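For clarity, chains are labelled A, B, C, D, E and F in written order, and residue numbers in each chain start from 1.
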Amino acid sequence: MHELGVVYRNITRADRAAADGLAALGSATVHEAMGRVGLMKPCMRPIYAGALVSGTAVTVLLHPGDNWMMHVVAEQIQPGDIVVAAITAECTDGYFGDLLATSFQAHGARALIIDAGVRDVKTLTEMGFPVWSKVISSKGTIKATVGSVNIPVVCAGMIVNPGDVVVADDDGVVVVPAALAGKTLDAARAREANEGEKRNKLASGILGLDMYNMREPLAKAGLKYID
Amino acid sequence: MHELGVVYRNITRADRAAADGLAALGSATVHEAMGRVGLMKPCMRPIYAGALVSGTAVTVLLHPGDNWMMHVVAEQIQPGDIVVAAITAECTDGYFGDLLATSFQAHGARALIIDAGVRDVKTLTEMGFPVWSKVISSKGTIKATVGSVNIPVVCAGMIVNPGDVVVADDDGVVVVPAALAGKTLDAARAREANEGEKRNKLASGILGLDMYNMREPLAKAGLKYID
Amino acid sequence: MHELGVVYRNITRADRAAADGLAALGSATVHEAMGRVGLMKPCMRPIYAGALVSGTAVTVLLHPGDNWMMHVVAEQIQPGDIVVAAITAECTDGYFGDLLATSFQAHGARALIIDAGVRDVKTLTEMGFPVWSKVISSKGTIKATVGSVNIPVVCAGMIVNPGDVVVADDDGVVVVPAALAGKTLDAARAREANEGEKRNKLASGILGLDMYNMREPLAKAGLKYID
Amino acid sequence: MHELGVVYRNITRADRAAADGLAALGSATVHEAMGRVGLMKPCMRPIYAGALVSGTAVTVLLHPGDNWMMHVVAEQIQPGDIVVAAITAECTDGYFGDLLATSFQAHGARALIIDAGVRDVKTLTEMGFPVWSKVISSKGTIKATVGSVNIPVVCAGMIVNPGDVVVADDDGVVVVPAALAGKTLDAARAREANEGEKRNKLASGILGLDMYNMREPLAKAGLKYID
Amino acid sequence: MHELGVVYRNITRADRAAADGLAALGSATVHEAMGRVGLMKPCMRPIYAGALVSGTAVTVLLHPGDNWMMHVVAEQIQPGDIVVAAITAECTDGYFGDLLATSFQAHGARALIIDAGVRDVKTLTEMGFPVWSKVISSKGTIKATVGSVNIPVVCAGMIVNPGDVVVADDDGVVVVPAALAGKTLDAARAREANEGEKRNKLASGILGLDMYNMREPLAKAGLKYID
Amino acid sequence: MHELGVVYRNITRADRAAADGLAALGSATVHEAMGRVGLMKPCMRPIYAGALVSGTAVTVLLHPGDNWMMHVVAEQIQPGDIVVAAITAECTDGYFGDLLATSFQAHGARALIIDAGVRDVKTLTEMGFPVWSKVISSKGTIKATVGSVNIPVVCAGMIVNPGDVVVADDDGVVVVPAALAGKTLDAARAREANEGEKRNKLASGILGLDMYNMREPLAKAGLKYID
C-alpha cells in the first residue's frame, strides 16, 4: 500500500488448477478450510445474484476519485485473472463501467473486486461480468494521479498479494495466498465430501445435537433444560 | 437477555390460527394494526425477494462468533415456528447456512430471523428457506459457549418473547405478542377490508385530500396555496 | 428547505422533450455530461432492478414520521412528473405504499425519489411504479404537521428545485437544473455517440492505454514498469 | 414496547443499597460480573467525560420526533432514579435539554439514558447532569402523541424493565435486572477485590501468561513460537 | 451545486447586527425560532467543546480529495464571515489544517463548517479557530480541479446560500437565510426571554405537566394512569 | 492475516532514532511526507485528546470477542514499541483495559492501536497510556482461540508489518514501513522546515493564492471571477 508509481509486470500466479478449482467450493467453505481467515468485510456485495468465480489476483491501487490506473491494470490481465482494486482513502465513486468491463473481459478477466463504487450495473449484468463492490454509484472519476499495479494491497480489510487466489460468490469474497491454494483446495474438498451425508441425516430429522455428539459437552458447559 | 445456560422446553405459543393468518396481511398492515409498534429495525432484510411468512417464535440467544446454540434451538422447533436469534453483542458473522437450514426445515421451521449474518444464501434461496438478517457473510463461527433458548430476547431493537407471532416480508419484520395475536388479526383484517375500495377510488383519480377530507384540517394547520 | 406551510401551484417545468429524452442516456452519462455534479448520495437505491426513468420534479418537504404532505403533493402532479421527497430531519420511516402509488400513478407520476423509507415494495414492483429510497421499512407515519410543496429541497445531499429534471436508474439519481436540460441532453448524446466505436475497439483487445493515448502522460506523471 | 398510552405509577425498584453501590464498580466490572450480558450498544456515549452513576430505572417510550412523554415521566421520578428513554423507531432528534434536566434534577434523577439525541450539552455539563445518548442534536421535537411510562422497553439493544439498575460511565451503560442487583454487587466486588494485587504484579513486570498460567493451555491450543 | 469554475465576488451578506447577535442564542433556540428547520445533520461535530459562533456564510464547493478552492475562498472572506465548505461527493479527507486556518483567521473568518474532514485539530484548538466537520483525518488533498465560491451549496444536508447566517455550537449547526436573520433573532430572543422564569419554576419542583397545562390534553389523547 | 497460531519472537524493528523522531512531526506531516499513503481509516480515534506518540510496531491478530493473544503479545513488547491489534472479523468488544495496560506499560509499550474496542478509558487516561480504537465498550472478551503475534496484519484498512513505525496523534494513525523510516523522517522535517515562514506570511494577510502562485494555473483551469 506504500509504493506509488510502479507496475510490476511479472508476478507469480497461484497454481492454475487450484485457482480454477476453488470456485466450485464457494467462499464459505474455502474460508472455513483456511481456518476462518481471509475473508473481506461483508460490505462487499455482488452487483447481481448467483455469480460465482475464482481466479488469480492482479492488484491495483488507485487514488480517491481517480480511475486512471484501471487502464494500466488492464494491460496486465491474463486469462483467469480477477482484478482487485484498492483505494488510498475511503471513496464511493463509480470507478468502473461497461467500457472498462469490455476491455477487462477481452483480456480474460473474470471479475472485478473493488473497495469503492461501480456503475453501469445493468449493462454489466447483461454482459455477465460480475463485480463485487461496497457501493453502486454513477459518480465519475478523473484521470490525474498515478497509483500502482501488482503491489500488495488492502481491499475491504484483507491483504491481497498479486497472484493470490480470489473466490467470490453471493456470500462474500475470500483471499487465498498463492502458496496455500493447493492445500486449501484439498481441505475444502475434504470438508465438502461428507456434507451430502450430513445433509441427508439432517433432512431425515436427525439433530445436529446427536450427529455431532454435542449433548455431553453442552451439559459440561452448564446448559440446563427446564420443563 | 440476562439468563444464560438455560433451555425452556415448554413455551406457550400464540393461537395457531392467528399466527398463521397474519402472514396474508403483511408486515406493514400488521404493524399499523398494532398501533405502529412491534417493528424490528429496517436493517433486517430478506435474503430473497418475495418471501412472506408468519409463525410462532422460538428464541435463541448466542454469543458473538459462536453458533453452538443453533443446534440446541433446532430441537425445540415445532411445525409453524420461526426461529428468532439474538446475539449478546454486535456481530456480523455468518451463523447459519444450508446444513442448519435443512435441519430447521425438517423440524417444521418456516424461517430464521437473525440479528447477525447468514451464509449459503444461494442454496437457501433454492431450498425456499427464507432468512431475514442484517448482513450476508461467509464468516464462520465456533461452538464454545452456551447461551439460552426460549428466553425473552432483543432482536434488531425489538423484544421477542417465546411464543410471540413473527410476521416477515419484503417490508420488514413485525413482532406481535402472543396475547394480542387474535385481536391484531381482526384489526389488520378490518384495516385491509376497505383498501380495495380506496384503491379503486385513487386509481380513478380521486385524491386522498378529498377521500380522507384533509383539506379543512390542512387549512386549519396553516397550509397556504400560492399561484 | 426553510419555508413551511406553502404549496406552489405554478411551477416552471423543464422542457418536456429534454426531460423525457434524458432517461435513455442513463444517470452515469448524464452526470458526466453535467461536469460530474448533480448526483444524489449513493444510499439512494431502487426498490427493483432495471427501472429507468426521467421526468420533471415536483418537490415535497415532510416532517419526520409524518406523510401528510404526500397527499398534498399528489394534487400537484402532472403527467411526466417525478415526486422528490425531502424530510426536515433524518428518518427511515415508510412514508409511501401502494395506495399512494396508485394515486400518484393515476395522476401521471413516473416515480418517487424519497430521502427516507418506503413500504409495500412487492406491490409497487408488480405495479411497475419505481421508487428510489434510502431504506425499505414497514414503519407507518402520522398526518399531523404541514410541510411544503414545490419549494427548493435537499434530497440525499442534492438541491432539487421544482421543475428540474430527475434521471434515475440502477446506478443512482441525477438532478439536472431545468435551465440546463436541453444543453445536458445534447452533451450526453454527444458523449454516447462514440461509445459504440470505443466498445468495439476495446472488445477487440485494444487497450484504453493506446486508444486514449495515455502512455506518455502516465510516464510523465512518473509511472514506472518493473519486470 | 407494545403497550401505548399507559403510565405505571407503582414500580418495584431494585434494592437501594445495591443500586447505589454498583456505581463504584463501573460498567465493565458489572458487565463481567453478570456473565457478560446486559450491556447497551457502544453507540451510547456520555455527553462529558468522567461521569459515573448508578440508579434505578424509570422507563419511557416515546415516538420519533415527539418528546411529550418526557414531561409525563418527570412526575414518576424518585430520588436515585435514572430515566431510560426508548423510541418506537430510529430517531436522532434532540429530545432533552436544560429545562427538562432542571426538572429531572429537581425530582432527584441522576441521569438520562436515551436511544436518540440530546441538546444543550454545554449547559447540561455545567449543571452536572449526565446524559448517555447516541447523538447530540439541536433538532427539536413536538408534543403530539402519547407513549408510555414504566413499561419494559428496549434501549440501544437492551431490555430495561422499570426498577432495574442502570450503571453508566465512560465505558458504556449496563442494565442489571432488579432481582439480580444484590448478587451482582457481590460478584462485582469479589471481582474487584483482587484487582489491586494483580495490578501490582503486572506493574512489576510479571506477565499475564505466568500470572494466569496460560502457557500450557496456549501450547495445547497449538500456539508455536518461532525464533 | 451545479455551477463549476466561478467565484462570485459580490454577495449580499445578512444584516451584521442580526448575524452577530444570533450566537448568544445558540443553535437549538435559533432552530426552534425558525420553526424547526435549517439544521445540518448531527454528524457535524465541533473539534473542541465550548465553541460558539455566528456569522455570515461564504460558500465553497470542492471536489473529493482536492482543496484547491480553499485558497480561492480565503480571498473572499470578510471579517465576521464563516466559511461553509461542500464537496461534490462524499469524502472524509482532511481538507484544512493550521496553515489555512492562519490565513482564514487573518482575514477575519470566525470558523469553518465543512462536510468532510479536518486535520491539525490540536493546533486549531490552541489557535481558537473552531471547525465543525464530520470527521477528523490526517489524509491530505491535491490541488488539481476547480470548484466554485459563493454559489448555493448543500452542506451536511442543508442548503446554504452565500450571505446566510450560520450559528454553530456544541449542539450543532443551523443556517438562517439572510432575509430571515432579523426576524429570527427577534423570535429567538422572545423564546429565551421567559426561559429563566420557567427554569426557576422547574427547579422548585413544579412539573412541566402543570406549568404547560398538559394533563388535560394528555388525557384526551388517551393517556391512562395505572396504580 | 492468514497464518494462525504462531508467535515470531525476532523481528527487525525500524531504526530507533527515526522511529522516535517521527512523533514530533505529527501524523498529517508524516502522511504527506510518505506521498499521502499509510493512513489508517479515520474511524480510529484516541481515547483522550493531546496524545502524540511514535514507536515500532509489534502486531497481534485476535479473534472476534477473544483477547487471549493480548497476553501473548505482552511478552514480545520491547521499550519503544506500540502494539497494533487486528481482528479476523469486525468486532466492537472491549479487548483491553487497565490491567493489560499496566502490563504493557511495564514492558515499555507506548500505546495500543486496535481495530476494535477498548474499556477502562478513564483509568487509561489517568495512567497516560493512550489507545487509538474505533469504539469504546465495556463488553468483555473470552480467552479460547489462538491467533498470532508479529505477522503482517491489516488494522483499520492499513497493512502493518512487525517493526514498522506507527505515528499517532489527534489527527489519526499513520504507518511507515521500517525501510522508509529514515527517509520519511528527513522528508517530513524538510516539509516542516518552511512551515514557520509560511505561517508568518499567511498571518500577515498574504494569500495562499499569491504565496503559492496559484492565480495563473487557476485561470488556466478555467476559473472565472464574477462581480
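Note that a residue touches a chain if its C-beta (ideal position, glycine included) is under 8 Å from a C-beta of that chain, and two chains touch if they have at least 3 such contacts.
Everything numeric in this text was worked out from a predicted model, so none of it was measured.
Participant: Shared touching chains for chain B and chain F?
Facilitator: A, D
Participant: Between C-E and A-B, which chain pair is linked by the larger number of C-beta contacts?
Facilitator: Higher C-beta contact count between the two pairs: A-B.
Participant: Report, in whole Å, the distance between the mean C-alpha point of chain C and the mean C-alpha point of chain F.
Facilitator: 40
Participant: With chain centres taken as the means of their Cα atoms, state the distance from chain C to chain D in Å.
Facilitator: Comparing mean C-alpha positions, chain D is 42 Å from chain C.
Participant: Would you mind pulling out the distance in Å between where the CA atoms of chain A average out and where those of chain F do?
Facilitator: Chain A and chain F have C-alpha centres separated by 28 Å.
Participant: Could you check chain C for residues that touch two or more other chains and list them?
Facilitator: Each of 36, 39, 42, 89-90, 92, 139, 145 in chain C touches at least two other chains.
Participant: Would you please name all pairs of chains that touch?
Facilitator: So, checking each combination of chains, I get A-B, A-C, A-E, A-F, B-C, B-D, B-F, C-D, C-E, D-E, D-F, E-F as the touching pairs.
Participant: Quick one: which bits of chain D touch chain C in the complex? Just the residue numbers, please.
Facilitator: 63-66, 89-93, 139, 142, 144-145
Participant: Which positions of chain E touch chain D when the two form their complex?
Facilitator: The touching residues are 26-28, 31-32, 36, 39, 42, 45, 49-50, 52, 169-172, 174, 195, 198-199, 202-205, 207-209, 212, 214, 218, 221-227.
Participant: Quick one: which bits of chain A touch chain F in the complex? Just the residue numbers, please.
Facilitator: Those residues of chain A that touch chain F are 1-2, 4, 34-39, 41-42, 88-90, 152, 154, 157-159, 177, 180.
Participant: Report the residues of chain F in contact with chain D in the complex, numbered from low to high.
Facilitator: Going through chain F, the ones touching chain D are 5-10, 68, 70-72, 74-75, 92, 94, 97-100, 102-103, 105-107, 117, 119-122, 125, 135-140, 143, 145-146.
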